[in-house]
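Right after this note come the structures.
One chain, chain A, appears in both complexes that follow, with chain B as partner in the first and chain C in the second.
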Partner chain A sequence: MNETIFDTTTSVPERSKVAGPLIDVRGVGKIYGSTTVLEDVAMTVRPGEVVGLVGPNGAGKTTLIRILSGMSRPSRGEGTVLGRDITATTGRVPFMGLMVERPMFIETLNARRNLELLFSIRGVVDGSTACDVLERVGLDPSERKAVRTYSLGMRQRLSLAQAIGERPALVVLDEPTNGLDPLGIVEMRGLVRELADRDGMGVLLTSHLLAEVEAVCDRVVLMHGGRARRVYAPGDADSRSTMVLEVAEPSDIERAACITALEVIGREGPLRMRVKVHECVPDVIRALVGAGVGIEAIYRDGNGLERAYMEAVGE
Partner chain B sequence: MRGLGALRHEAVRLMTRWRYWVAGLVMLMFGVGSMLARASDLVIGAGTAGPVPYSGSMLWLTEIDNAGVYFLAWPLIIGGTLAEDLESGLASLLITRAGSRWRWFAAKLGAAYLSSTALLIVLAAVWLLAAVLIAPWDPTHAGSVVPWGRDLASSAPVLLGFGVVLILGLAAAATSTSTMLLAALGAGRTVSQVGATVAYLAFMFALPGPINPGERVAVLNVFAEWATPLTTFAYWVGVFGLTATATYVLLRVRENQ
Partner chain C sequence: MMRQTFALIRIELARLFFSRRWMAGLLIWGVAAKLAADEIAGHVVAAHLGKWTVYDVHAALMNNAFLVCFLMLTTFVLIACDSPARDRETRFAHVMMVRSGGRLQWWVAKIVPMLLASVVFQAGALGACIAVGVYGGGTLSREPSELALGTVKEGASVSTQLFFTPPARDADMLVREVGTSLYLALGFAAIGMGILALTVRYPLSWLPGLAAVGVTLVDRILSWFIHASWYSWVSLPYRLMEAAHSAVVVDDPLPLWSSLLCWTVLLVGSAIGGARMLRDVDV
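Our next item is the complex of A and B:
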């Protein structure tokens, strides 16, 4: 891995020019005593990419994040995170933006003072950055109220601010939408995409909100029982070609199944089915109309991750 | 300076706790009240022809030495941060900022010493002002209230008093660091704080003189040959160092498990 990634004074756009993934690990496992909590996990995160990590409680997400952030050594496996060998025994930990699930700040200070103190530890940004980043996450930099009076949603925003304020190459967000209202969730989604698309940061996030993960991530690693069961890519051709077809009558289902432009992959009640389309959507619609299928609706399957998740967890 | 930033963060965190200020206020009032109560007493000590009234310097030095008794409270006042860090995930956040575990851990130790010593210095200064107001300062017989350092008590009582404060700050940091040791063993915040206090309370009853923490917080008011400020300083350095080392090793072992 190129050493320039360690240069914390380098701006993100310059750093993101560095070739190679920010996270590149293979065969990662962790054993506590006789209990295997993580087994054979491989993962990559590249600059400008948002990768999700989903799975039920106990799937190994937190253990994996602890290993990736240098807080724990893997029992097996290899790879690098920001150029640091994850098996290294040294105490050196690479800087990454971290947003932990239970954000904790100095309760008696306001948001700006908290950020200034955290930023002063590495000393790579000045105090004015605190104001800028607070505005960016939707908090008022001139707010004098102590953090102890903040709602969970405001704490989440502040936690995100401390994670991104120093413009790290890699940001790890643990449950970033936890406690946010619907508007906050939408804003958080936009902000995460912006970090990747505009700032070139690599983002690894965990969440239980599958629809949100699907909306914001380029790839999603589905974990269960300590293993990465599957990697789902919401934007890939396979996912995009999966659609839901709703028809007027039950007999339309049979007629639609005979069309070569699509393939039925699942029925959901008498008037709805999931199909894989083999041609562009207008051509598929023409074929359906030509076959006399009464189309009520046809739309892209927005629950692909949910299905993939259920399959992965059910395995 | 990364190390200084981490130290500043930890020190501010400790010194903005409400219990830090409440404890300071309580100690302050106890100290002033104690000096007021003692002001009308007479004292007989070496170097005096007969009973003499407490002077301001005698009141102050007595109060400074008595402040050692608060050592049991320090785990509750400034302890528990490591348990908080481990429970909340703040440890990860701070370690990745500090650049190394050692720097982060050293900042915690330094902040424990700084915050306790800062409070004790402020208390000593306010008590000094109160002592001057309560009775004439006159350090001529100040040595009569301290078995150790009589000459220094008479010639430079302020220097002696603040020297004691530095040792008591070390004792405070050492006792509060034991909350980190318990946290590294898996205790939560409250358990680590109460557990450390209870442990030191037990040590006061169970351990023999030279290694008894209760004996080692009376810096000046000592009679045994082994109990000098220098050996007391060495004692608390040893306790602080051993506790910190054991905590750090346990953290690394736990992390690699």
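Our next item is the complex of A and C:
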């Protein structure tokens, strides 16, 4: 077959109108020489969904993001991103928002000018968008300072702004909370949820902050050694039924273990245990009180992702 | 696709031409022009010649292998040829590529500013020669000087020396030097293009500078050992010299068409080769 160097037959990359999943890949692998850095990864991201990618350094997260964003071709696997075949050799790149780690810009220009120039490439938004999106990420549109003077946190905000400003159907965020102060992390969390819930974007993000990932994501893919070890869903029934029970006396532990409405799945010291509840929480509390258990506190286990992560990485 | 490509080119032009690296260009132009001006001014006095012109400075500079290859070519490459590698190292290339819609558009947007930069760089060198020449006592006359024509004067303490190909007596020196500048721009662009293509395969921001120095250095070393006439046909730095094509200056001149063909093939081949490689590499 006489293959062209690049496919230039398609005109301006349009904002995706993909009906199904934005990302739908299976068996994705990447081999550099004799080193396998990614193996048999499957992933789906739908509109309005926030999916997290977590794993230790070298787990293959960045390699996977490069493949999904069209910067790298997989050695194995198949699937589509915004309808584009990930194995295609056309050199085309899907229309997504991409926030890279340690972002660089045109350092001599201010944030607004940087965005105006970047947005001028696709030409799908008007001139006022740069100001709007800068305000949305917490930067001052009238700031005249050159980007080279920005802190890492400000760069992260600007990088997020360039990724979401053109309202792509899919946004990929690599370590978006890097360099942000606690307030910035909270704001970022709210913004990411807003992108999915209000704007209907699909969001794929990576982070080492497990609590943040758990708080913002609908699903989390746990990666280790180039493989997707497990998919954890913070909001699913299994995760929601795991509670922490704190009692007044050590003997209460034994009494609580006899109740059928719950199942002890782990003890954490003499007065605290993790339980899986089989009934609604008020009924469980009534059963505990009826059995004479001195309840100090009962609350949803907020460290589910952390536990899943530890299990996935084998520690 | 055209729209994105033009927008990308506009951004890359702004990035390149508003770069502070051009300060290095200014410095090198000034230094190179001063060295060339001093060289011909000294010779004019020793050879008892009449006034030299600012265009003599440029013509002499353009035929000084050290100044052109080591100083100017390296500076040009450092200014204009490391952007693809640097952008891939910093992943700014990713931000641009997802907007461009394709890798070819990104590649074209890297090539066009480099080509323009080669012309601007040579224009800057010509401007520096004129400025330094005027400051150093040269005239702005566009007629060939006695130095340019290789005039021999009685009583001179030095024999005549051709710094460059003698022009015709009625030649317009400004036009001639503009032509020389355009020839050098083509040569610089071709070598720059080859280096850009190299960085597609090896995206290391220090590689272009090393490659530019390496091309000249390796050529120098090889020329010590290889004295055969065929070597002048494969030596890229030698082809950059305008006088290499002159039967008056060298014994075995290269046909000008062969150099124009060489630079064109290198330029076009590297552009296409780089595009092909870019299709397959991980960015």
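As a working rule, the second predicted complex is superposed on the first by the 296 of 315 C-alpha atoms of A that agree within 3 Å, B and C clash if a C-alpha of one lies under 4 Å from a C-alpha of the other, contacts with A are read in each partner's own complex, and residues count from 1 in each chain.
In this text, a contact is a pair of C-beta atoms (placed from the backbone, for glycine too) under 8 Å apart; a residue touches a chain by one contact, two chains touch by 3 or more.
It should be emphasised that the depicted structure is a prediction, and the values quoted were computed from it without experimental measurement.
Superposition model on chain A: chain B and chain C are shown in a clashing arrangement. By the touch criterion stated above, A:T108 is placed in contact with chain B and with chain C alike. In the superposed model, more residues of chain A are touched by C than by the other of chain B and chain C.
Of the two partner chains placed by the overlay, chain B and chain C both lie in contact with A:V100.
Touch criterion not met for A:T87: it reaches neither chain B nor chain C. By the touch criterion stated above, A:R73 is placed in contact with chain B and with chain C alike. Of the two partner chains, chain B and chain C are each touched by A:R122. Applying the stated contact rule after C-alpha superposition, one finds that A:T36 touches neither chain B nor chain C.
Judged by the touch definition given at the top, the superposed model places A:S239 against neither chain B nor chain C. For the contact definition in use here, the residues of chain A common to its chain B contact set and its chain C contact set are 66, 69-73, 91-96, 98, 100-104, 106, 108, 117-118, 120-123, 162.
If you check the complex, the residues on chain A that touch chain B are 32-33, 66, 69-73, 91-96, 98, 100-104, 106-109, 117-118, 120-123, 162, 174. Interface of chain B with chain A (complex): residues 1-2, 4-6, 8-9, 12-13, 16-18, 84, 87-102, 255-257. In the complex of the two chains, the chain A residues touching chain C come out as 5-8, 10-13, 66, 69-73, 89-98, 100-106, 108, 117-118, 120-123, 159, 162. Against chain A, in their complex, chain C makes its touches with residues 1, 3-4, 7-8, 10-11, 14-15, 18, 20, 87, 90-92, 94-104, 272, 275-276, 278-280, 282-283.
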